[in-house]
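In what follows, a structure is listed as structure tokens, so that the remarks can point back to it.
Chain lettering (A, B, C and D) follows the sequence in which the chains are written, and residue indices restart at 1 in each chain.
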Amino acid sequence: MNETHASMLPDLKERVRKFIDEVAIPLEGTAIERDVEALDEIAGTLRRQAREAGIYGPQLPKEYGGLALPWRACAELFEECARGLLGPIALNCAPPDQPNALLLDLLASPAQRERFLGPIARGEKRACFAMTEPAPGAGSDPSMLKTTARRGNGKWVLDGHKKFISGGVKADIAIVPAQTEEGVTLFVFDTATPGYRVTRDIAMATSYQIGGHAEIVMEACELPGDAVLGTVGQGFEHIQLRLEPARLSHCMRFIGRARRAMEIAQRYVSQRVSFGAPLAELQQVQAMVADSHIDLHASRLITHHCAQLMDEGKSVKHYSSMTKVFVSEAVGRVADRAMQMCGALGVSEDEAISAIWREARPFRIYDGANEVHRSAIARRILHRNLSP
Amino acid sequence: MNETHASMLPDLKERVRKFIDEVAIPLEGTAIERDVEALDEIAGTLRRQAREAGIYGPQLPKEYGGLALPWRACAELFEECARGLLGPIALNCAPPDQPNALLLDLLASPAQRERFLGPIARGEKRACFAMTEPAPGAGSDPSMLKTTARRGNGKWVLDGHKKFISGGVKADIAIVPAQTEEGVTLFVFDTATPGYRVTRDIAMATSYQIGGHAEIVMEACELPGDAVLGTVGQGFEHIQLRLEPARLSHCMRFIGRARRAMEIAQRYVSQRVSFGAPLAELQQVQAMVADSHIDLHASRLITHHCAQLMDEGKSVKHYSSMTKVFVSEAVGRVADRAMQMCGALGVSEDEAISAIWREARPFRIYDGANEVHRSAIARRILHRNLSP
Amino acid sequence: MNETHASMLPDLKERVRKFIDEVAIPLEGTAIERDVEALDEIAGTLRRQAREAGIYGPQLPKEYGGLALPWRACAELFEECARGLLGPIALNCAPPDQPNALLLDLLASPAQRERFLGPIARGEKRACFAMTEPAPGAGSDPSMLKTTARRGNGKWVLDGHKKFISGGVKADIAIVPAQTEEGVTLFVFDTATPGYRVTRDIAMATSYQIGGHAEIVMEACELPGDAVLGTVGQGFEHIQLRLEPARLSHCMRFIGRARRAMEIAQRYVSQRVSFGAPLAELQQVQAMVADSHIDLHASRLITHHCAQLMDEGKSVKHYSSMTKVFVSEAVGRVADRAMQMCGALGVSEDEAISAIWREARPFRIYDGANEVHRSAIARRILHRNLSP
Amino acid sequence: MNETHASMLPDLKERVRKFIDEVAIPLEGTAIERDVEALDEIAGTLRRQAREAGIYGPQLPKEYGGLALPWRACAELFEECARGLLGPIALNCAPPDQPNALLLDLLASPAQRERFLGPIARGEKRACFAMTEPAPGAGSDPSMLKTTARRGNGKWVLDGHKKFISGGVKADIAIVPAQTEEGVTLFVFDTATPGYRVTRDIAMATSYQIGGHAEIVMEACELPGDAVLGTVGQGFEHIQLRLEPARLSHCMRFIGRARRAMEIAQRYVSQRVSFGAPLAELQQVQAMVADSHIDLHASRLITHHCAQLMDEGKSVKHYSSMTKVFVSEAVGRVADRAMQMCGALGVSEDEAISAIWREARPFRIYDGANEVHRSAIARRILHRNLSP
């Protein structure tokens, strides 16, 4: 983070905080949390307001109205805005489009930039990244990818079945890895392409996912020759470019979510009296407060450290895995404690804790299950004899 | 458990297992999990079928069609039936009516038995037990009870505000503790009584709760003089009679829930291949399987031990607290592991794991938050110098 | 446990308790905890007194002065006596001779019974079971056994290197598994046999191990033809006979150890004042007390359940593994909490907690590392599709 | 850390690493770990060599031969040197003299500097800080201090009883807080003062503590008027100056200790074969490796963050508490995993893991028990409404 960015940050954070508290949080509610159309509609409104507040797209290129901030600064703004369940949607830094735009920015041809990246970055269209497949296709192990793309007449024909594709419902654009003769290749195309079909919005324990979680079938889906994103056969290498920042961005946002849960819980235990004293005076409650602050403090440091490395252009393969494992488990613990501190109120949808708790859980699963990361981290350590 | 009961048990368990797998599980689904009317309708159908299968009401008196089994036998049947998300509803051993019927059986006058206990036990009507109040009323600390009952003209006039009352939506009967001049007193009455009003069904993270979670207001709610359940001023003592069996019954049922989650997860990891082998061959997955079986094994032993004490007429104040703390945390761990083992599928509502995971979480909160139990257990130990 | 044993048990337990408190505990001390000769000397004295008190050898055959109690009764007496750091030594139910005697009782020829089992069971001699070898020999994986026994002239010639052999220092008798042409075979012989040499007593974090932890070298160690214990080539099957009871007996004793630690800690927190009140009134301390009682309660139930199965002659391969994993971790947690509750005093050797804490730790390692058990438990479950 | 220090650091770290591996580690051994005189003798030798290597006293003033580095640089050197069990002793940055010298540097009069600080900083003499008292004196709660100092004839007369005073055996200098009429006051004096008596070296589970753990009695111990350190009645404020850096320095050193344990464990699992493959290929082992690296990575970041704040002159009351709780538990987990990975070898004293494991445990107790810190952290948060 250079000095200009560092000097802008306090003001930006304050503006985001105010926007979240005054604009975004009041719109939250169970009625909309899983309603794809309602979320899209709110997104439109909120993004206009975020643009007016000068906080739209912290990570987005300036040409599309973004702030083009480095990762280290994004870490603080993503956290700040994610306190609002609708915050990342409002700033257009929610997944999957935040990493989708990043990937397009790195790989898209000029025509693809104009047709796909521009509308996504301006918040006019939505894309999904359709990787996961039902068994026996690609899950934790991407090499099991079953979707295929065959060449013919200067075109590509896609066939495949995708599942749990976040943001896939009513998405305008799809980014799809598929097996080709030359190896895995990425394709980007309009979801209106014949043969591409969203079969359902899969109900999940989570919430506030723009575009829900789609199951998608592609049957003889014919794409133009220029639908390839990046280089033919380089799909896996390209996916890595998206994966690591996506993972780290999740950490940034979830720290904000967990912080929101604790804000509610701290307020509650300070007021709620039981057995003659506020809950805040009970040591078991105090231990939960202390542990949550420690978890969040460590989560921030470990996330900021990795963001800094990314800004310096260094490889974060190892550190982003460690960060993901630590933060996904820490924010899960924090949300769990916040719920326990608030009792039945915390379980109810009257407060945001329940939604945050449900949303935090799968972070231990997606972006690579923590078990997969643990194994990969250790193999790297043991093979290269990395110092503990 | 005497020999007769012991000899009946294997056959009863097998019939319950079959009923759950063939009749109850196929009816599960997200469409109904929070739909109070749909659950009531299904309850009617399933209870008829359960009666035909000879498995209705394991814990209910024979005069109402139940099996009148001792706690130790109920432990096994409650577990067995709770594998089905609709199982306890089907056998009419779901909360809150399972402990409600128990309380009425112990305290009701002959007229109250006929008017309230009979219809509940036969599954014709539903009751709620309306204890919890919004702050600053009764929560973990029952002594903060704010609801009052004033005497006048041979009647009682209730005023109060209740919240998070499970089973309260569309309940026919209410059991309500209230402050009177003589101390806390229980009242049982028809919810059609003027002044009694369910203001909403509170959305909760949980699922499959018959009668949802009501917020209730009572304003000048006039009850007849014989609405007192048990003895005036003995409300807290009476509540204890309900609390301990209610808590232990929850343990029994949740063991079944957690077992169901693991059945799904074991099937999944045996089939799903990743990185060249079934997930079942990965040690991190194996550790989750082993730990879950150990958790369930210990949960059963600790629950059955306590059930046995109850059958022997011994006080289970101490042991039921220890059992509740252990089992509520163990089943939470098991559900969490089952979800992790199944990845995105486990988070989705395509499998029952997600509902079980959401439902298990608040068990660490209700029936006395685990923190309250831990403190009470320790104070009992330290004051009476109980041997570790 | 039949009625006779059940009726004897309360009195036996009371006598053991009194013996431990009055006779065994006063002899404890850092000066002797790792002094093999001092422990042997004390053993002699204490065993005489235990015999007089009618509590010697709960598990030992009556012909050698033991009580020949079933496992379920032993569970309670082993716990009771293990409260004393010298208790199991006093009752001659300490490892390794407790399972050594069991193995000999099952396999020894009449001559071996007289020569080896009798002196061990009467507490006159000590044996060691020398399985573990330095890398690349047998550790967690017994199939890596490197020690060999070659036949020649009606004799057996042993060559091998053993390490971490508890009880091996100054042992009179050795039981040694070795590779033979027909498969692994057990040998029992006098340690005075030429070629058998204890090279050192390995310093360990643990304490009060009779016979310390030996490193042993066998070079051309010539044994008579009748040194085979059991059947040639059946060594692995024979070892199983020792392993499962040994593992479960450890559980029984460690419950007693952990209980002792908590007795000390409960006394301490009831008396020690800090910030104006006894530590016992602090919720974080209360949580430690409650969790420890819950851990011990569950540990007892799970251990007694397995002991009962053994008395019924059932296979406990699966349950003894689950019991070992649960109890070894539970008693470790209890000892850790007891230490934390007592602060610096708990870390010091002024109280027995420190020794118990150090001794409990390796129980997660020996008798099969918990990781090995977890993997084996899960593979059994998944291959046989065992119900959770 | 300014640029000069930053540029020196890599070379300094490398020199420390080399010194530890080649000079300090070879001298480790169970024979000396609790032998106060042997440790003192080795200290003399090692300090000479450290001075020659240009690495003596990273934190000490230059006037006494130290490097006078800022905290952020010390963090890295303390970690590096603490890989050797004798490392901090060699560099004279071991407790209690590392924080003792700091306290004297802040408070000592010129005469006290010359008489006490100089010899300590040059490694010629040793001091102890005698705070803790047996019950009912000062433990976690310093306000319970029972030691008194009465004025008379221009002198002070001390009476008190101290316990668990690390470094107290054969210390030349004592720093003692005592109650005076004006409030708690610090005294610094020669231990040869009549009436001051070390009654014993308390055996503890820990190891490599220079000066052991003393129990001390002061009876009519007459001190000159200028024995006051700092200001009369300001003892508690003065102690804070020592406490926070002492706590953070422990974190720095323990990270090095835990790293050493993992270095040994990584080497072991890479070589040791079991069930047909190196332990390193087992996922349960991999999970332990990954978790330990994550724990150490987070521990470093949280410790370095706090060190940086100290260098900036900011209050670290809150952050040093959070750091201490996190790091003390993290290094305990790491040492525990390293032991588990190495099996019996890890429990033995053949490798340093056992000593590290025993030494790490009490860090959750001293410098303020973690329970006390958790409560203090939470009360600060809740009273000041600090953001999570």
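Please note the rule applied: a residue touches a chain if its C-beta (ideal position, glycine included) is under 8 Å from a C-beta of that chain, and two chains touch if they have at least 3 such contacts.
Treat the numbers as computed from the prediction; the structure is a model and nothing was measured.
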Co-neighbours of chain B and chain A - touch as defined: C, D
Rotation angle superposing chain B onto its copy chain C by C-alpha atoms, nearest 5 degrees: 180
Inter-chain centre distance, chain A versus chain D - centres from mean C-alpha coordinates, in Å: 42
Whole-Å separation of chain centres (CA-atom averages), chain A against chain C: 52
For chain D, residues that touch 2 or more chains besides their own: 282-285, 287, 371, 374-375
Residues on chain D engaged by chain B in the complex (per definition of touch): 282-284, 287
Chain B-facing residues of chain A, complex: 30, 132, 135-136, 139-141, 143-144, 163-164, 202-206, 213, 271-276, 282, 284-285, 336, 339-340, 343-350, 354, 357-358, 361-362, 364-366, 369-371, 374-375
Sites on chain B touched by chain C in the complex: 258-259, 262-263, 266, 269-270, 280, 283, 285-294, 296-298, 301-302, 305, 319, 322, 325-326, 334, 371, 373-375, 377-379, 381-382, 385-388
